[in-house]
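First chain A sits with chain B, and in the next complex the same chain sits with chain C.
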Partner chain A sequence: MRLSRQIIPYLFLLPALLLLIVFNLAPTIATLVESTFIMSLRSGHRVFAGFANYERIFSDPIFWKSFEVTTIFSLLVNPIQIALALALAVLINQRLPGIGVFRSIYLLPIAVSLNVTAIVWGLMLDQNSGMINGILIQFGLPRQPFLHSVDQALWSIILIASWIGVPLWSLFLLAGLQNIPPTVLEAAKIDGANAWQSFTKITLPLLRRVLAFVLVADTVANFLMFAPILLLTSGGPRLSTNLIMYETYRRGFLYGDLGASSAMLSVMLIIVFVIIGVELYVLRGHD
Partner chain B sequence: MKRPYWVGPGLTLLTYLIAFAMFFPILWMIMTSFKTEADAFAFPPQVVFQPTLANWQIALFDSNFLDHLINTLLITLGSTLLALGLGIPAAYALAYYQTKRSDLTLMWLISTRMLPPVGVIVPLFIIFRDLGLRDTHTGMVIIYSAMNLPLVVWMMRSFFLDVPYEILEASRIDGTSLLQEFRFIVIPLVLPGLFATALLCLIFSWNEFFFAFNLTVTKAAPVSVYISSFKTAEGLFWAKMSAGATAAVFPVVIAGWVAQRQLVQGLNMGAVK
Partner chain C sequence: MRVESAGLRQDLPGHSRKQNRKPLRAFAQPALAYCLLIAGIIIVVLPLMWAAAASFTPNHKVFEYAYPFSWRALFPVDFTLEAYENLFARGFGRAVRNTFFLAVSTVIIGGAANALAGFAFGRFEFRGKNLLFLTVVMLTFMVPVDLTAIPRYILVNSFGWINTWQGLLIPGLANSLVIFLFRQFFAEIPQELIDAARVDGATWLRVLVSIIMPISKPVLVAASLLMFIGQWNSFFWPLLIAPRKEMRVVQVEISLAIGQYGTVWNELLAGSMIAAIVPILLIIPFQRYYVQAITGTGLD
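And then the complex of A and B:
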């Protein structure tokens, strides 16, 4: 009996771990290994190449361009999404008439898949027959190319990503807001705090754990943004939306350069873990 | 401190404006699905038009849509059950039998969710080919379970941790077996959380696109892959694509709508603590 009590936790864990080892850990390791191999032109076989793939991508302007686009994208999209998500969560946490209906509506985009989102926004942003251009014309403004313009494509992707991202993350922040005991806020009110003071001095500090989670998860999700690029822009025009995730896919799948693709993925994995580490460190610093 | 009289109505108006702006793209897709392809392509976009059911007829019945819908249903339900079946015992072990290694195990489990799917797709493709899982329901059920498992373990563990230990202790003194303890004490207490977890699994599986796009061809291809196949000739089939897409999101939107209260309540139970 005592023995079985000791074995039970391992028996419970084993199937789950086994599934992840075979279908997640093993493929990941295979990718890391692949990044040190290169296809030999002479023999047509894979040969060990050490860091040759890494040297190749680090001296490749297209890789650096996609790195730059990804950095700009991340620096724009994460603050925008988190600020809007927080504002939205605060707004729908108010007791307003009909707020139940409103909550249902704003949750809708979360349930919409990325490829349907691409269709939805393809319809809205289409250069020739899109709804947004229809509205612009009504106000006497010129038509915009949106996804077909070097200057506007990345912003269009930010808009599309935020349409799903803002409601999704505000759902988590809403849950956090509802966990704050109303008595704390009432006490602050009695002590004469105004709405802004009680928000910055009480609500935000109490939300810190949820905010930390949202910040990390949002940053990683946006860093790995892929489907809208695949379905709407293919990285263009002129590489202006060529986020690093798509560049990896392009190299590996469309050009068959698995070595370079795997090397890029390995670099990305390191970056993801650095981002998570830094953000967790910064947010835990006050404890 | 009293709010000025206009703040209440102002906020109400603002919430409704935002709701409309967020909902409008979906509304527009639904409207487009009832247009002829010519109307869908017209500029300026037509808000008033002669509605037609032709696209729905083509997208739903004169095509393989229903086959793909059945694929999606099988894969979604199967993978959610498997992820829960494997994830709940694992979460239970991690919550109630803590050792030095359980935190590390948990960290690793969660980190698998952070890995980009593109990063594993080539080796996965080879594994699937060698095991004969390519373009099969079993293969998709397995890969979606692996995808959702970290979420299940992470959420269920935090729900289990919220169960007061005294209750478990009391029941153990009373001599309940592990199975009874699980069935009659733990599960009823975490039911809202379990419900929220299952719903998230269902939504994520239903909407997944990348694995399905690369690991299925036709036999097991879910709706998500099927819809994007309309996109062959650069927007020529906007109306049919809209009809298919509307039909594809309908079930999951309804499910989300019905269950949103439980979802927020479930998240409240401690998943994000």
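And then the complex of A and C:
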């Protein structure tokens, strides 16, 4: 009787934790292990190769180009999304008539999958007959190549990712804004602070935790950007949108080089852990 | 304290000047806010309205009003159901059924497993609780599933689960975010409620089903929405594990359609609209629950 009572919590945990261990935790470790093997999807032979896969990817200019593109993408997309998400959160946090309707409409992109977003925006940005060019020529501006241009393709991907990303992250920031006691802001107002002062001196510091979370979650999500590349650019033109997640897919599943693919994924895994580690460190430091 | 200092400030000349400007500001500030809000709404709504309108348009007219742009691009002025009829004639209905089946199964089976785990973490004290929570739930929550897709693929392949329902369904059942949600909710239920039932001799499973579940509507709605929409919108795993025509889900079907029927734009958009409308129709009525569910993790 006593024993059975003790095992109840473990029985409750068993199904979900077993599934998490088998399908999530084990593959995380296996990614690191797999990166030390050379294996082909076709022959099925695996041979231990030490760091050979890492040597191969680190001496491969396509990997470095992909790393560079991903870094540039991250440095652009994350600040843009977070700045716009913060602006949007402040806007939809205003007490205005009809604000509920606006909030509901801003939820729409969050429900839509990245694939659908990529398909629709891909057609909107079509270089010959897309709506964006249709609007540009109505204003007498020249047509733009967008996804077909080395200079504009990555920006087009940023636009597509942000159409979902900005409303999504603004929800977190809105929740953070609503957690700030109104009395604090009223007190600042009474003390003569203008809107900008109370935003920078009171709102932003109080949003620190949520902002840190959003920064990390957004960085990780964009680091794994995949569907728009697969559906729209295949990494091109001239590798200008060859983000690292797409490169791992190309290597692993199109060319069957799972070793190189796993080595890249391991590098990404380590980067993700570093990003999360920094977040935990920053958040812990101030509590 | 604050009130006193406010009283002092009222007498300063600078402040009264500010007060005179207030009517103008009170008008200008909301006006500016509305302008910005509407500008944002246009960016949100424009692609959706065009895609919806174009999906009800004959294929050769899909771009007609988009380039050069006119308001007609946003409404189905040449209304036809041709795209939807052709799409379903090609077997798109099966992809919709597959995805529904998969999403509903995930909500029911995954929901039960995640709720049990959340209950254990939220209500029981047992050895290894924190360790299990940190190493299994937290760690799997942090590592994005797409990053570990290759070993998962090799594992599932070794089970012989490629192009099977098991392969599609089982790896996505357990969800650390959902366990989180349940844990948080269950931890806040008053102990007296549970004690009363336990004194009457109810088993823990009975307590869970007949006492806890009926008062857990908010968390059940939120968790179900998260799991349903997550599965409905999932793409990478179904693309790897079940590429065979009969097994395809909606997201895979529309994505592969880009290459296959590259110029049948209205069908591509019709498929996209079906893929988009289901989560939209679920989120709008339940937005409060959904927003709380997805933002809850960021705040604690």
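Everything that follows uses one rule, which is that the second predicted complex is superposed on the first by the 262 of 287 C-alpha atoms of A that agree within 3 Å, B and C clash if a C-alpha of one lies under 4 Å from a C-alpha of the other, contacts with A are read in each partner's own complex, and residues count from 1 in each chain.
The criterion applied here is as follows: a contact is a pair of C-beta atoms (placed from the backbone, for glycine too) under 8 Å apart; a residue touches a chain by one contact, two chains touch by 3 or more.
None of the values given here were measured: they were computed from a predicted structure.
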{"item": "Combined model on chain A: chain C and chain B, fit or clash", "value": "clash"}
{"item": "Contacts of A:A52 with chain B and chain C, given as first, second, both or neither", "value": "neither"}
{"item": "Touched partner set for A:M124, first chain B, second chain C, both or neither", "value": "both"}
{"item": "First (chain B), second (chain C), both or neither touched by A:L265", "value": "both"}
{"item": "Contacts of A:V112 with chain B and chain C, given as first, second, both or neither", "value": "both"}
{"item": "Touching partner for A:A187 - first (chain B), second (chain C), both, neither", "value": "second"}
{"item": "Partner chain in contact with A:T28 - chain B first, chain C second, else both or neither", "value": "both"}
{"item": "Shared chain A contacts, counted only where both chain B and chain C touch the same residue", "value": "8-10, 12-13, 15-17, 19-20, 22-28, 30-31, 34, 88, 91-92, 94, 96, 102-116, 119-121, 123-124, 126, 128-131, 133-134, 137-138, 163, 167, 171-172, 174-176, 179, 192, 209-210, 213, 220, 224, 226-227, 231, 245, 248, 252, 258, 261-262, 265, 268-269, 272-273, 276"}
{"item": "Chain A residues within the chain B interface of the complex", "value": "8-13, 15-17, 19-20, 22-28, 30-31, 34, 88, 91-92, 94, 96-99, 101-116, 118-124, 126, 128-131, 133-134, 137-138, 163, 167, 171-172, 174-176, 178-179, 189, 192, 194-195, 209-210, 213, 220, 224, 226-227, 231, 245, 248-249, 252, 258, 261-262, 265, 268-269, 272-273, 276"}
{"item": "In the complex with chain A, residue positions of chain B that touch it", "value": "1, 8, 11-12, 14-16, 18-19, 22-23, 25-26, 28-29, 32, 40-45, 86-87, 89-90, 92-94, 96-97, 105, 109, 111-112, 114-124, 127, 142-143, 145-146, 149-150, 153, 178, 203, 206-210, 224, 227-228, 231, 235, 238, 241-242, 245, 248-249, 252-253, 255-257, 260, 263-264, 267-268, 271-273"}
{"item": "Chain C to chain A touching residues, read off their complex", "value": "2-3, 5-6, 9, 15, 30, 33-34, 36-37, 40-41, 43-48, 50-51, 54, 63, 66-69, 73, 112-114, 116-117, 119-121, 124, 126, 129, 132, 135-137, 139-140, 142-152, 154-155, 170-174, 176, 179, 204, 229, 232-233, 235-236, 240, 251, 254-255, 258, 265, 268-269, 272, 275-276, 279-280, 282-284, 287, 290-291, 294-295, 298-299"}
{"item": "Partner chain C, residues of chain A touching it in the complex", "value": "6, 8-10, 12-13, 15-17, 19-28, 30-31, 33-34, 87-88, 91-92, 94, 96, 102-117, 119-121, 123-124, 126, 128-131, 133-135, 137-138, 163, 167, 171-172, 174-176, 179, 187, 190-192, 209-210, 213-214, 217, 220-221, 224, 226-227, 230-231, 245, 248, 252-253, 258, 261-262, 265, 268-269, 272-273, 276"}
